[in-house]
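Given below, in the form of structure tokens, are the structures.
Heads up, the next two complexes both have chain A, just with different partners, chain B and then chain C.
Up next, the complex of A and B:
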């Protein structure tokens, strides 16, 4: 590894992650410690499965369709949590005044903040979401041509950025309010609760909120529809990454705005 | 009696006041819960409307149970559980609790009870108001009779006695250093699900109903809520109380014995 790479934001971030991962693997019980989060992740979609078991398919919508959309959302959220976990804890940083220390270091702020925490147990969501999505893609008989695979991968990158953007907005809010921003949970964990029903059957405002405000259906439903041939425009599937990247960009601007208005509480 | 209860009443007062302290946080949390439960009800309603299968409970009964869950979850293990005891155990502050002139198990039990009750009382108002305002079948519906309402309130209260015994069992599991805190956390998640937090238990497969009714955790939340919604007959009342009493005593004794055993082996580090 060259010295310039080690000092670059990405290199620095990789080093942080390596240290975090190694320090967590030091505990002999690390595998057992991942168990609670695994149980939580695996049981979460159980209600959708049980409802399909009782009520059967909803028109075209079978369990595998719903779980594909759900799985993609889970995967993206898992990746965002894995790589941007520090942002999730950012409000604490501001409250305790620890943010000052970050400001003193001559390195990119966003990378420092994102890399401050890393929890191995967040891998549970990533692995569960990925497996679920792959199994459902098979069940739906999707043709995984290179173009389709590329679309899904780009959509997952977009989704990861979108969830990271939500976390960033919560972080930005912490510059201006001391209250715990629990509302943000509606757009993170809450977003894939909504994915347990077909978007077309949801109340209009709920569907629009999770398409235009927080673009969850944009990076899950439309790419999945394009890949599986559910009579949606393919163009919408390709739009996931650019639009989610724009969403992330906007939230990063909001965060920057917050940083400019930061008044340290420390002495 | 009065002097014996005094420290516990003080704990309750303090929990209630600290819950009220951050008003912005309180409203943020409440809004989140209301929207969250609304989304859950909407998803369930879609299955009722567009699915072809049958359920033993009507949509309005299911919706009522889901709305009430959002408040009753405050009485369950795991949901905003009192982390002060967890922290005490992992940081060694448990030593302070050992030198108090109070029995450790009773202290933690009453502390959990106060915490749960305070959270519940703070959640009732806004959630009920919003649920009653939600129009149509997906709103909160009144109990079929005053007796159903009373039966629901009674069993929810007696269910809390069981629920706090489960919480103390989680503390016991956390205290046992050989096990670590993973089993306690898993126990919390599983007990919540089996109490009906994911989905009212009557919507689970019919083949599982007998098991679901008699397992300990249903008696903490799902069985009491059935009275409110009118999805269980009043004749069920003695059976629910029996289930709560049997499981309550068993889990209470188990937790007490386990904590006692860990305390005898406890070594406090530090000077």
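Up next, the complex of A and C:
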């Protein structure tokens, strides 16, 4: 590896990941440790599948349609957890005062915080979400033109940033309230469960909340609708990345504000 | 201009009091009593490049808070901190690349992987070129006799071995200033000596400025030309060891063994005299009485078998000093 690559953020990130992977492989049970989350990820959408199998479609909504939206959400959440896992641990980091260590190193704090943890088993969600989305796209007979593929990829990047933003907000909150907040699970684990309900069946306010407040549908439903031709505006499909990136930016600002309030712990 | 300057630095923490028990915890969800703890108040000092300064004080006196503010971890409520021309928390990245920090109670290394992996990560974090890193690592491991530890996972190291590795890790990027927060805590005597020798040598050869907190007065005596005492957030003393003794332990004690029993000892110059069979203990202030004259008077009054003059034990002196602060 060249000196410049090694010192670049990407090179450093690779080294962080290497040290995490090495740490986890030290413990022989690592393969076994991946199992529970794999079982969870695979069984989670079963309820939707069984329901549709029993009762057929809900209006326009078929199993493949619902699972496409769900798969995209799962993929985005999985990627966010993969790349920003450390931020998920932030409340703990602040409580124990371990955040000190990050402050002592001459690198961007957000970068360090994101790279601080890495769990191989988070790959489960990414792989499951990706497979589910691809299978459902096929079942829906989506035309994967370059423009459509680009829209999906940008939407997934946007979705990843949106979830990372939620994790960041939770992290920011931990600077002020020492202790874990269950509230945040509503926006992370809870939100992709929402994807299992057809947006049309949700009350208007809830649908808007998950489009703009926690922009869930923005990076799942609307891009999927545009690609599969479900009579929704294509513009909303393209909006996923810019709006999610803006959301991420705001979360990062909030986080920075939190950092200013950091009170170290212990001696 | 001095390398480190602190001017009237203050830091207050807000503690939220909670009542004990389940009921108290539930009540705490609605109302909380606040308590202000003034961890550091109006502390000012400056340190020149290459100085080796000991920073002592009882638990909770504000030592760690001061170190954390100087390292850029905490932002003071008021006052100025200037280190090598920078304000630590304003130019965090530039500041921390010039300093090294070692916490005796907290590891900077990755727990599950061999020490060398941690060092290589630190090399890239601090952007140390490979050649310089290699040279530095070889030097430091040789000096600390740590070559055999590099391939061991950190969790398998003894405390002493880990401390050596922590020091190497903190010095790989050749910092100009080293902050050490209780570096010798929990170490055995041999390791303590080795660490002290290493620090003294590093200070002499590279002129690295060091500021260390400790509860072990031997650390201070062996290493520091200057000592600062902090109590309840305020700086109480700043000077050398002799000055500290003169201020907090001005007394000397003569312990004499008499050749034959003596009825009474009359020494008006002494602060106190106690007689127990053949053993006499006389406390005096060298600032007020010439020790030679006092001993001569004692010998005149009573023939002596043996005699020692002692300065008070430094640990005891510090303990007394801390007790005074608590009042």
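Keep in mind that, in the parts below, the second predicted complex is superposed on the first by the 259 of 267 C-alpha atoms of A that agree within 3 Å, B and C clash if a C-alpha of one lies under 4 Å from a C-alpha of the other, contacts with A are read in each partner's own complex, and residues count from 1 in each chain.
Simple rule for what comes next: contacts are C-beta pairs under 8 Å (C-beta built on N, C-alpha and C of every residue); 3 or more make two chains touch, one makes a residue touch a chain.
The model shown is predicted, which means the values in this text are computed figures rather than measured ones.
In the superposed model, A:146 lies in contact with neither chain B nor chain C. By the touch criterion defined above, A:22 lies against chain C but remains apart from chain B after alignment on the C-alpha atoms of chain A.
Touched residues of chain A, counted separately for chain B and chain C, are more numerous for B. In the superposed pair of complexes, A:203 makes contact with chain B only, with no contact to chain C. In the superposition on chain A, contact of A:54 is made with chain B only, not with chain C. Within the superposed three-chain model, A:33 lies in touch with chain B and out of touch with chain C [touch as defined at top]. Those residues of chain A lying in contact with chain C across their complex are 3, 6-7, 11-12, 15-16, 18-19, 22-23, 26-27, 97-98, 100-101, 103-108, 260, 262-264, 266-267. Residues 13, 59, 63-64, 68, 71-75, 92-94, 96-97, 101, 103, 105-106, 108, 110-113, 117-118, 120-121, 124-127, 129-130, 153, 181-182 of chain C are the ones touching chain A in the complex.
The touching residues of chain A, when paired with chain B in their complex, are 29, 32-33, 35-36, 39-40, 43-44, 46-48, 50-59, 177-183, 185-186, 190, 193-194, 196-198, 201-203, 206.
On the chain B side of its complex with chain A, the touching residues are 22, 24-25, 28-29, 31-32, 35-36, 39-40, 42-44, 46-55, 180, 182, 185-186, 189-190, 193, 198-199, 203-205.
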